[in-house]
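Each of the two complexes below includes chain A, the first together with chain B, the second together with chain C.
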Partner chain A sequence: MTIQFNDETFHDDYTFRNSDWAIQRFPFPFHEDSYMYSVNLEPHLSLRPGSVYEKTFDVDEHYVAEMKDRARVLAEDPLRCQSLPHMTLAGWDLLELIMVSKAREYPDLFELHRDGDRWHWINKPLGIEQKFVFLDETTLPCGPLEYITRQAQGDYALLDQRDDNLWMDAGMVTTQADWSLDFDIGMNFFEWHAPVPMASELGVFQRALKFLLNLQQGAPVRRLNWTMTVNPLLDTSPENYHKWGVQKTALTPENVGSKQHLRVELQTLFRLPRSNALAFPIRCYLIRLEDLVTVPKWGRRLHRVLRDLPEELATYKGFIRNRPMIVEYLSQFDDGTPTSPGVFPD
Partner chain B sequence: MSAGTKKIDVTVTEVVEVNDLVKRFRFERSDGAEMPTFSGGAHTVVEMKDGGITRLNPYSLMSDPRDRSAFMISVRRDEQGRGGSLFMHREVKVGDRMVLSYPVNLFSLDLRAKKHLMIAGGIGITPFLAQIKQLEGMNGHFELHYSVRTAALGSYTEELKAHYPDRVHVYHDDQGEAIALGDLLDGQPLGTHLYVCGPKGMIEWVCRTAEERGWPAEAVHYEEFLAPQSGKPFSVTLAKTGKVIPVGEHQSMLEALEAAGVDAPYLCRGGACGQCETDVVSHDGAFVHRDHWLTDDQKACGNKIMPCVSRFEGRSLVIDR
Partner chain C sequence: MSRFQFPPSIRSRPVYGTLEPRRGTAHLMVADAEGAEALLDLARAAPEMMAKAHVLYIPAAEGNDLADRLRATGPAQFYVGPSYAASVSRLRKALADAHMGLQIYLAGTEGLIGQAMQEAMSAGYPASAIQTEHRGSVARRVQCVHCKGVTENVSVTPFVCSHCGLNLFVRDHYSRRIAAFQGVCVDAEDPGDVPAQEGLYQ
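The block that comes next holds the complex of A and B.
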């Protein structure tokens, strides 16, 4: 296989590591030295061979370990995966999209053989082989959404479209930045975004919703979102806040470079063909600050962005307490020289 | 949709005269690959090269959404129309190459419904044909009430009655048959969703009756594509370049923009989806708003226009393009 999968953990002993390859292809989210909300959607077209934007669904060295972490979280809390009864068809749509894309884009890792509705799926990294009948739930070990998202990195929300709104009616959510599917399920676009400060005053959500309602089949889009996470935790859920929230207090000037991570979400949106729902994959990438600053442009820029970020945003993103320490650490890597436009390393 | 949107190169593989007014067209991909799947109620925009004019008309997909071999549409000839349906009827032959858009659905089934109650009038039957096939595949519960002018002009009535004798009801205008709508709506089980597609008057009648009978708006779905209507010629000025574009009598503003090389956004081209909404920078004259998208307040404000169906009469119109 072309990718060497890491044996690593995202909990307790935190053996998660990024290789040099993973550092260089990290989806750094800031295209300039400051940050403010914007809809910032662009077509999800293949970009830069080797980058996380090249494939429909990026598979990297963390794949096997992330899937083990998902299974661990689900065993403790099965409500991380839910699908309201009318969303089963959207689950099949997503299964088809992921299987077809992965088999086409990673033929050495995944195979899909189709004979009408009789499908044969082979997932080599996870050692899974499954024969099933497409659109017949009784031929899979669990529902189609759960089945395929136990084999795909990132969280997945399935949004039903009706009444000129989008409804969070199904999802698999185990790698989230402090939001809960169990809490949000059944909510509409404005309801689930209600906690976000400032953005609604800017009219961001009205514009974004209008765009998404008209998102077309065959024309997916993507955007990046980001936050800060202490320790490489995929599961920073409200359900487990009592376990991870306290870890934010363990940051010291000595360990900030290794414990503090920039967390970036590559969010994509696809119109699903049979259900007319939207698939909303949210893929999480983590990088510790001491790895990030090995790219000089990123070290300089992150320092400036975090230093100048409005207080409401630092509070909402959950690092207001540690911001002075993080900014102090990053200042060592900012010599004040200008940075080049765009997100990629020089 | 606009330039850059996914389009499909197709070949016409079948043209069937369904009756005196309606022809059915079958399109297969010219490269031999499969068509995209779609959901019942979706439409495609057909590009027609009619002499020097490019016409872009939306038509509901009527084929089985699971059938990846082809798309099928039915086109009713409209002698009073601006020419799209006449072009399809007179010019399009088996073997012709054409371009279709990817499917777009502005009339999808609400999959929460316990029962789907469908009301069709005339050529408005087409989206229901695809929805019925989709529901059949998932054991969905539907009932169709279909009103046609005469038996001879009723498209697909025989096939529907033969396949679904208990679920399809056909009404002939010339025999004085009419849908007993009030009784029909009152007798529906909880969880029923109502869908209507047909002439404007029918849609208004069904929506009004449902509202009077206490149906929640969320359970009533309709699709009405407005065809752009002819009107007095006018000019529109682009704020970004200062370019002045004439809009002809039988042309929509959107078509005039496209003909002038402006990459303007659109999806339904029928005043329903909102995609072509355009800001008005200044105007001296009166708008002829014909869309279903802008609210009455927005129309009164005069700072937005939907160029797919709406027009302008007056001295000057400057838009933000």
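The block that comes next holds the complex of A and C.
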């Protein structure tokens, strides 16, 4: 399969678009007509050829444009990529995982040639060719975490495991749903999740942590998370919230279908072999509502989920002010008929 | 009178205890303002430990100088500093010079406790060797998430960032690495529409 990469932006003029292919494979996150927090982890096994769940790290038509957007955000704010001193080895683990997976699963796009610790990496879509010595930082233009995540869609956190907890001690974060790596780096699992409402009371974090502490090599897991974003803005960071927050007020009944996006994170977790850290990729997918409703089941279901969502969650996810307008828009696409179980289109 | 019951909050927000004498080869005690009262209580409970104690005290600007009473407990080393910033190099030296078995006691405002805790942890002391007790002002150190500048002594929300001038809402989300709470622009979605200021625990 050859991917046609889009020439598009995720800021200012927002030329981002999903092709019909991207719409059909969008990771719609609701398996039923209502939503509440849950651990919802499942094995990250290859599922449905062509879906975002098929490959270890999904590469799609937005790859090149997303990497340009990452470079732009990093140039403005280098603190979006940080690694505490003890996390370099985990960075190498991640580099290996991504390079090996991509070269195996997308041989037409990526090549990795290894001769002992002398590695040769070819990234055709980005026009990058790099010879380096594995585990020797001086042979890369920057640290291993930054190097590989400038070439991989989605945010990446590296979680150190000690004292029966997970510690967010490194990351590359430029496509986040309003959390700050610079503020949260060094926090444990409970601390960085502290601002999330309701989930603590449900015991979600305790169960999730217990599960993740026992995650085994070669047995990655995945889950979906979601929120709502006005305009296809990848960098909804707290750092820049004073600049992008006002965009939420630009929504009107006329433009809600094109400006309002459902934002879905495909979160995966991998045990890393040398560092025993966890890699935590958080891949962001955006879809405008008018594209989403072309799948009738999704339009009906999203209407019901957003209409019935507890107010605390709509507030935390940042769309409480626009919820009435969004629900009104979606109601046109909900004829009240039942929806089939599961996330995929009928 | 100077003890404040913090309401229950989120998991990143620090909680404080009551200082208790512990067996140790040496005792490092750091306090500001009314934190001195917690050290005085400690010295009253176990007067003998003061012979092995190094006390760093930063009196509040408004006076209420408890320094003389602290000195009278007979610490092996006693230092009075004009500000935390002026005292921190001495604190670092004390942490670096200490041997196995050091016990650390921090008392006073959240800003003092948080910053001294950060020094102790980056010097490699485990949390189990550090006790804390809050006394006095409930003002916070707040980091602006936008410009990264830290504003000291914030007792109201929202407040104006002393570095970039944005109107910041004070969250309970706290970073031990930065030793600060998080401040986020309060009028980003409605520029100029700033809610009335209120005290942090009003």
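Throughout what follows, the second predicted complex is superposed on the first by the 345 of 346 C-alpha atoms of A that agree within 3 Å, B and C clash if a C-alpha of one lies under 4 Å from a C-alpha of the other, contacts with A are read in each partner's own complex, and residues count from 1 in each chain.
Keep in mind that, in the parts below, a residue touches a chain if its C-beta (ideal position, glycine included) is under 8 Å from a C-beta of that chain, and two chains touch if they have at least 3 such contacts.
Keep in mind that what you see is a predicted model, and the values were worked out from it rather than measured.
Undergrad: A:R274 contacts which: chain B (first), chain C (second), both, neither?
TA: first
Undergrad: For A:S46, using the defined touch cut-off, is the partner it touches chain B, chain C, both, or neither? Pick first, second, both or neither.
TA: Neither chain B nor chain C is touched by A:S46.
Undergrad: Have a look at where A:P195 lands relative to chain B and chain C in the superposition and call it first, second, both or neither.
TA: The second partner, chain C, only.
Undergrad: For A:S34 in the superposed arrangement: first (chain B), second (chain C), both or neither?
TA: neither
Undergrad: Please name the chain, chain B or chain C, that touches the greater number of residues in chain A.
TA: C
Undergrad: So, A:Q216: does it touch chain B (first), chain C (second), both, or neither?
TA: After superposition on chain A, A:Q216 lies in contact with chain B alone.
Undergrad: In the overlaid three-chain picture, which partner chain does A:T15 touch, first (chain B) or second (chain C), both, or neither?
TA: Neither: A:T15 stays clear of chain B and chain C.
Undergrad: Quick one: is A:S258 in contact with chain B, with chain C, with both, or with neither? Answer first, second, both or neither.
TA: In the superposition, A:S258 touches no partner, neither chain B nor chain C.
Undergrad: What residues on chain B touch chain A, complex-wise?
TA: 1, 4-6, 36-39, 41-42, 65, 102-105, 108, 110-112, 134, 137-138, 218, 267, 273-275
Undergrad: Going by the contact rule at the top, pick out the chain A residues touching chain C in the complex.
TA: Per the stated touch rule, the residues are 79, 180, 182-187, 190-195, 200, 238-246, 248-249, 321.
Undergrad: Considering the complex alone, what residue numbers of chain C touch chain A?
TA: Residue list for chain C touching chain A: 10-13, 143, 145-146, 148, 166, 171-178, 182, 184-185, 188-191.
Undergrad: Going by the contact rule at the top, pick out the chain A residues touching chain B in the complex.
TA: Contact set of chain A toward chain B: 43, 85-87, 89, 135, 160-163, 210, 213-214, 216-219, 273-276.
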